[in-house]
């Protein structure tokens, strides 16, 4: 620890971890978006992993404080947020509600983008079975998805992915924090039910063949 | 089906064709191959009637499902040839598997979507700090308008005010629509009084596009609903016979209005 | 003290002063402007002087904490802000960390205000199809737009306009110097989308006329 401190002193002029903590707190107080560890690392001239260590211990600290706010690791950065336990009061204070709710169609499209990114509109259409242009536009306008690259294949289709805003809306730090898709695959009983309902009645095939003969 | 643009209705029940299919299959425990298309179409038309406003998007989505179903059932509804091509049969199985895979995938993402909704609901209980810079630091901020011209501003305004195409209803994904229900209705009104009892098979003779068959089918249903036609299907997969209802006194234009309304 | 607690319980349903403190912390953390004690008093249904007492003790508490931020009584209200001792880091963060360009969203919002002023936030949201709260705040903070009046209609919505600073930065004397918007000419993408969505119509028109004739 003393070695690290010495290094901090030497490199950045910041006396100690506690000083960095205070500086981070001040910065987070004025930042509008989550502040990424790499920005802080650059600012303090300290390795990113050390910054992350400091920030994570700050997250713990505020979590234990039982205060009205907390520090969260979200959207690839850190920011102060109100404690969900105080939602009833904040709600009454903040006049503007949270952004409007997404329709089921939009949510499903968003889920496909989130799990399959980068993905083209045609690929999403194929999964949902309908044209998704309108829904995609809506999601893009809300800043939840964006064009991220182009398909190398013929046609060079635009590929979409989720945005920083999406992470913030979901309250997660990265898409790797999403529960694995495998958890949502319907169980064998559902698959079986679906299969049964689609089953070609064998009788008829037989009858038809008889007719043929 | 001329419908004014910009009317979008979100119904809690249906959000996509596979959803509809899932709903119909799981909720009503419909055996796809045992139920007549009529049941599904009726359920759908009922849903349409319950809606506040006509939703073209939903209607086109339904056409899509109907077309899938029709294709899957074509060999039974329209045994146009007594011979079953083994390739066709194989093709039918393949299609069934494809549909099953799609249904499973659709259900998977439905679940994932509800999980995302739960995540966002939890996250929405916590508000971020967005107070921003204190006055003392504002003078430090760079000139955001550096390099921005008057023309840039004008363009940004025009861009923001441009009508959003997201409201348009795209029916292209079905197929280039050559047939319309109005057209089919018109044709039926000419044809059926002359022929008396006629089979669906006969009415759809020469139609190759599945969408055309679906459209014809919907037209028959519409006329059936209006009491102009009578429909009879004796067996589950039997021939559908269509006949003119003698008491019918609905003018052609009334019928067209139905679809243009 | 016990008498006060009982009163809080009775009047607001909030169990104790500590609960009010937490709720106030949450609100102050997300508030944009200083929050006046009277607003808080109304929210918690507690007398103003009690709120002031609680807030002042919170000011003391954060003062002793030696953290990167503090609670101040300013402009008739209370707010969290960065600790002046950390000003050098905040300055560096502002100079290095903030992007120098207006985002597309900010640019569009600014343009709408410039051309359509005075205009309410709800009207801008309606035009852009998304919530513009964050963007508007940013533009206001940067001194490019400001509240100019209030709508006479119900709700008395705040109306926004561009500032003198905006004119200076744009190098114009008045917003009338901005190039006229002219008749709206939709871009090719919009035309295409509209055309596509209308494609079914001509057929039907023909059929209907045939039927009539």
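Labels for the chains are A, B and C, by order of writing; each one numbers its residues from 1.
What we mean here is this: a residue touches a chain if its C-beta (ideal position, glycine included) is under 8 Å from a C-beta of that chain, and two chains touch if they have at least 3 such contacts.
Please read all numbers here as calculations on a predicted model, not as lab measurements.
*Asks:* Starting from the Cα centroid of chain C, hunt down the chain whose centroid lies farthest away.
*Replies:* B
*Asks:* Central chain, going by Cα centroids?
*Replies:* Chain nearest the centroid of all protein C-alpha atoms: A.
*Asks:* Could you put a whole-Å number on the gap between the CA centroids of chain A and chain B?
*Replies:* Chain centres of chain A and chain B, defined by C-alpha means, are spaced 31 Å apart.
*Asks:* Suppose each chain is reduced to the average of its Cα coordinates; what separation in Å results between chain B and chain C?
*Replies:* Result: the chain centres lie 40 Å from each other.
*Asks:* Taking each chain's centre as its mean C-alpha position, how far apart are chain A and chain C in Å?
*Replies:* 24
*Asks:* By residue number and range, which residues of chain C touch two or more other chains?
*Replies:* Within chain C, residues 26, 29-31, 80-82, 87, 90, 94, 128-129, 134, 138 contact more than one other chain.
*Asks:* Residue numbers in chain B touching 2 or more other chains?
*Replies:* Touching at least two other chains: 127-134, 137, 164-165, 168-170, 172.
*Asks:* Sort out for me which residues of chain B touch chain C in the complex.
*Replies:* These residues of chain B touch chain C: 1-2, 5, 127-134, 136-138, 140-146, 148, 150-165, 168-172, 177-178, 180, 182-183, 186, 252-253, 256, 260.
*Asks:* Which positions of chain A touch chain C when the two form their complex?
*Replies:* Its residues touching chain C are 21-32, 35, 39, 42-43, 66-69, 80-83, 85-86, 89-90, 92-94, 96, 99-100, 141-143.
*Asks:* Using the touch rule from the top, collect the residues of chain B that touch chain A in their complex.
*Replies:* Listed in rising order, the residues of chain B that touch chain A are 10, 15-19, 22, 25-26, 29-34, 57, 61, 64, 75-76, 79, 82-84, 89, 92-93, 96, 99-100, 102-117, 119-120, 122-134, 137, 164-170, 172-173, 237.
*Asks:* Applying the document's contact rule, which stretches of chain C touch chain B when the two form their complex?
*Replies:* Against chain B, chain C makes touches at 26, 29-32, 79-82, 87, 90-91, 94-95, 98, 100-102, 104, 106-112, 114-115, 127-129, 134, 137-138, 141-144, 166, 169-170, 172, 177-179, 181, 184, 186-187, 189-190, 193-194, 196-197, 199-201, 203-204, 207-208, 211.
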